[in-house]
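Quick heads-up: structures coming right below.
In what comes next, chain A is part of two complexes: it sits with chain B in the first one and with chain C in the second one.
Up next, the complex of A and B:
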């Protein structure tokens, strides 16, 4: 079906296999193709702008879509004609951020974009300097330009409550501006990307193929392993590297250990935000066991440093396996006990039930992923739909809830936690003997690779274009929060201020993202400034 | 003998922060933590008194600066009437009402001062503080009614201690709950909710102003404990002093343990609960009216 849509519109198929279709689509047909793909059940995973001038003499944009019905990724590539590409945001609203990011970083203009404003770059960044173009170097310094902050009109009835850039609810710098009438939230805007670190540039210019996994691991302080796993899989996909089966199992075990500690961390934070500090302390006490497991298996509590392209660096021997099973057995009981206690507390459940609802339709349009999507009734899980590592040979359930509220997200994570225990046990049991690292490969020139993992927060996508030798031409990681965050203003609308922290936290945000304003009024998404919002209200 | 009231006040001034430190320790142990030393609250206060206060430029300055002093004085005045370690106090007809007034005055002035700071979080916090005060006031009014009916008086001199009756047990049980609510403990710490509105009314206060406000919160809790214990303890000095100290420790442990087992309510949930409680209080008042 997907291939038919692409062929019907005269696109040139570059690659076509079981998992991925890459097609070159003409500028005129782009919007039509995007619309048809969206209607065929694809959601927008991410978009990548690439400076291909040394190769093709043009800038290119890759839109990566995930089709859940066919369990396949579709990558549509377009070349910019005189730096212009038609925007697909009017058709798929999930493409908004990705297109604006390409606008900031590469300088492609997207025609018909509803809000062509800066997303990543700060306001004082000079115009016409694009950091991801090949002539810009990673250590280049640019002079800041002067910007005057816009003056804002105030409405005496509406109180502006800033949540961030520094706020005890948020553990990273990002800011939500909430507009409050009484205790009710009537509008919310988000500004982020305060901590953009230019990892992509660093990887292309400075690092070699096998150094990037260590950089990728440092994208996130909680789910780093899933990032470097996705990166390695992307390179393995591009270079067609066979990964030894034992290495696949070791990756699976570590991915699940990471999910366990990440979910427990979230339960703790959720308890704390709901004022139940005892729950917070006790979940984090149990979480310590998973840090110990990680230390046992990798030598590090966090930032494991285990992955290389083609396999892993350390083996799991019988002794470690025995110890691991012992710890798991003990913590499983403890986890069950504390989480059941939390789930039975009526006042906590009352605070979560029916709060921060994200309807399925909006969820699909924005393209939310992971537990947020599963709580809104979307049956998706990369581990099951696009089996990677050893997940294809393991058995696990994917919890799905229809309610779309905070409680549903809580319950999805609750069930996933116990599935993870089960996956680790199975993987340890079934793990075959053999090599753990395949170093016999050659990197092709200009090959595309896509790596995907189901991070604790959802689908994690890494797109790689190789340069040959031991270098990358382009690397684009996309963390799950990038897709989940645009849904937060929708969840916040009409809720009480008291519930804002738990709603923001319910997507388990992992921020790393600049100026973005989305205001929602009466359930309708309007992305505009405060002045426009106030005008609309009148 | 009235000069002994001074001893009572000194006792409260010294021991109120210590009891807070003790409660912190109890909570910490329940949460699987080591917890700070019980002197920590005192160290915090001493540190704050040494720091210069910062006054926000958006605030209504006089009101903002005056509020902590009035709050503190209002609570301290109540100690003249409610006996703590020693049974001596200044009593007159209707002093029960005055104590209730002084406690409410402290809360209201505290909210007013916070509201004048111009910070949106403080304004939200004071808004919540007042809403919560109003909802608990109804229950408190019934409690006063019950106790006054039992003792046929509005003076503490006659009310302390209460005779053993069904209605006095009910009245004290309700008072126990009201004390819990008005001492801003989880799940009723809605005005201060740290993850939601960052300590709400206290957010802009600093230095000695903050110290005074925090001090008056500890003193208020301590006052309410004493009030509760006075209704139970007999007046003879020998048993009373020992019983009083023991009672304080028991109340501290009970209240702080309760706190460790709850999550925070939303304002509307708390108000709904207080409404239900008022209905219960009404029934208890009717029982008292029957003279049971």
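Up next, the complex of A and C:
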């Protein structure tokens, strides 16, 4: 059906296979195609602006959509004629941030964008300097320009409560501004992208193919391995590299170990935010065992450094396998004991039930991913829908809850934790013998690759264009929080101020991962501005 | 389970906090700690420099003194062990040491200096002795004669030889 929509609108199909369709769409038809694809059940995964002047003499924009029904990714490419492309944000509001990012980084103008304002670059960045254009160098310094802070209208009835610039518990740079009337939140705004680090430029210009995985791993301090895995899969997809089966299984095991420690970390943070510090201590005590597992298998607690393009670097021998199974057996019981204890505490359940609701319709429009989507009744999981690594051969359930509140998100993660134990056990059992690294490959020139993984927080997408030799032409990582964050103000609306920390934390936000690529969001989500929210309230 | 059982659970578990730094802490066999260069084995081939993602390892030639310097700066190191993977002689290895906090910047640098060979023709230092010895096995016999020539002089010599072989030139 997707291919019919594209062909009907006269698009040129560049690549068409089981997982991915890449099509060149004309500027005139772009909006229509986007609308039809969205109606056909696609949600917006990410958008990538590319400076293709050395190759085609023009700038290009790639919109990456994920179709859950057909279990396929659709990438629609358009060329910016005279630096202008029609915006698709009016039809898919999930494209908002991605288009503004391309605007900041490449300088493409999106016609008809509802809020064409700066997102990523700081306010004092000079106008007309675009860091992802090829003539800009990674170590180039630009003088700051002077900015005057904008004056804001103040409503005497409404109080502003800043949360940030550091999250009260997550210790990450993020800044929410909550607008309070009495006890109730009537508006929320997010301002982020404080720690934009220019990873993409660095990877393009200075690093080589097998150095980028280590940079990708440092996008996130918790789920780094999944980024590094997604990057390697993207390059493997572009260059059609076959990964040895044993390497696929080792990747799966490590991805699940990472999910286990990430979910336990979240349970701890959630308990702490709800005032149940014993639960926090106990989950983190159990989590320590997973850090030990990681240290045993990879040589370090975090930043595993295991992936290279074409496979993994270290094998799991019988000795390690035995130790791993022993630790898993012990922690499984302990995890169940503690989490059941948490789930039985009425005070905690009362604070989570019915709080921070995200309805399914809004969730789909924004394009939320991972546990947040599954808690809002969207049955999606990249591991099952787009099997990568060894997930195709393993058996696991995908928990889905309809309620969309904080409790549902808690329960989704609760069930996922035990599924992860089961996946690791299966993978260890079924792991075949053989090679772990395939180094016999050649990188083609200007080939597209897409890598996707289900990070603990949701779908993680990496888009790669190769340059040949051992260099990349363009690399665009997209962390799951990039899609989940715009949903937070919707969840906060009408809730009590005291519930704000747990609601913000319920998406398991990873602000810095999001920031590496883009932000400034002022009092608005999608097409709804703060003023509109306030109007709704009265 | 309720609050009471949690108390009994806590009592049965006891203390889990490690005594570190007052008692040493164990790390597994394959731990990736501080890299160490074996000065006896290093040949100055620069492959670690090419693999190092954060440029913690730099190799440069000090032409005046005629030495090649392999400089490891731990302040940039990310402990990825790529240098260990690519080192042809196994000179660089990651140790189990992880206590790297220090008051002096000097402790974070490791510098290995390797004697270089001067070109027979132009006298410019061009490669380390050890690297030449290591690569001599790989060279075809006709190139071994030009072992002590720098790449530029070697290219010149080769083109001279070729003109000679063709029967041209003024040497005949």
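Heads up, the rule we're going with is that the second predicted complex is superposed on the first by the 509 of 538 C-alpha atoms of A that agree within 3 Å, B and C clash if a C-alpha of one lies under 4 Å from a C-alpha of the other, contacts with A are read in each partner's own complex, and residues count from 1 in each chain.
In this section, contacts are C-beta pairs under 8 Å (C-beta built on N, C-alpha and C of every residue); 3 or more make two chains touch, one makes a residue touch a chain.
Since this is a predicted model, take the numbers as computed values, not measurements.
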Side-by-side fit of chain B and chain C on chain A, or clash: fit
Inter-chain angle, chain B to chain C through the CA centre of chain A, in degrees rounded to a multiple of 10: 100
First, second, both or neither for A:379, with chain B first and chain C second: neither
Greater residue coverage of chain A in the superposed arrangement, chain B or chain C: B
Which superposed partner A:81 touches (first chain B, second chain C, both, neither): neither
Partner chain in contact with A:497 - chain B first, chain C second, else both or neither: first
Touched partner set for A:160, first chain B, second chain C, both or neither: first
First, second, both or neither for A:285, with chain B first and chain C second: both
First, second, both or neither for A:429, with chain B first and chain C second: neither
Overlay on chain A, chain C to chain B nearest C-alpha distance, Å: 5
Doubly contacted chain A residues - partners chain C and chain B: 278, 282, 285, 345
Chain A partner contacts - residues on chain C that touch it in the complex: 1-3, 5-6, 9-10, 13, 16, 27-28, 30-32, 50-54, 78-82, 85, 94
Chain C contact footprint on chain A (complex, rising order): 207-208, 210-212, 214-215, 218, 278, 282, 285, 288, 295-296, 299-300, 303, 305, 313-314, 337, 340-341, 344-345
Chain A contact footprint on chain B (complex, rising order): 27, 30-33, 120-121, 123-124, 127, 186-187, 189-190, 193-198, 260-269
Chain A residues within the chain B interface of the complex: 159-162, 167-169, 180, 183, 271-282, 285, 345, 347-348, 350-351, 496-501
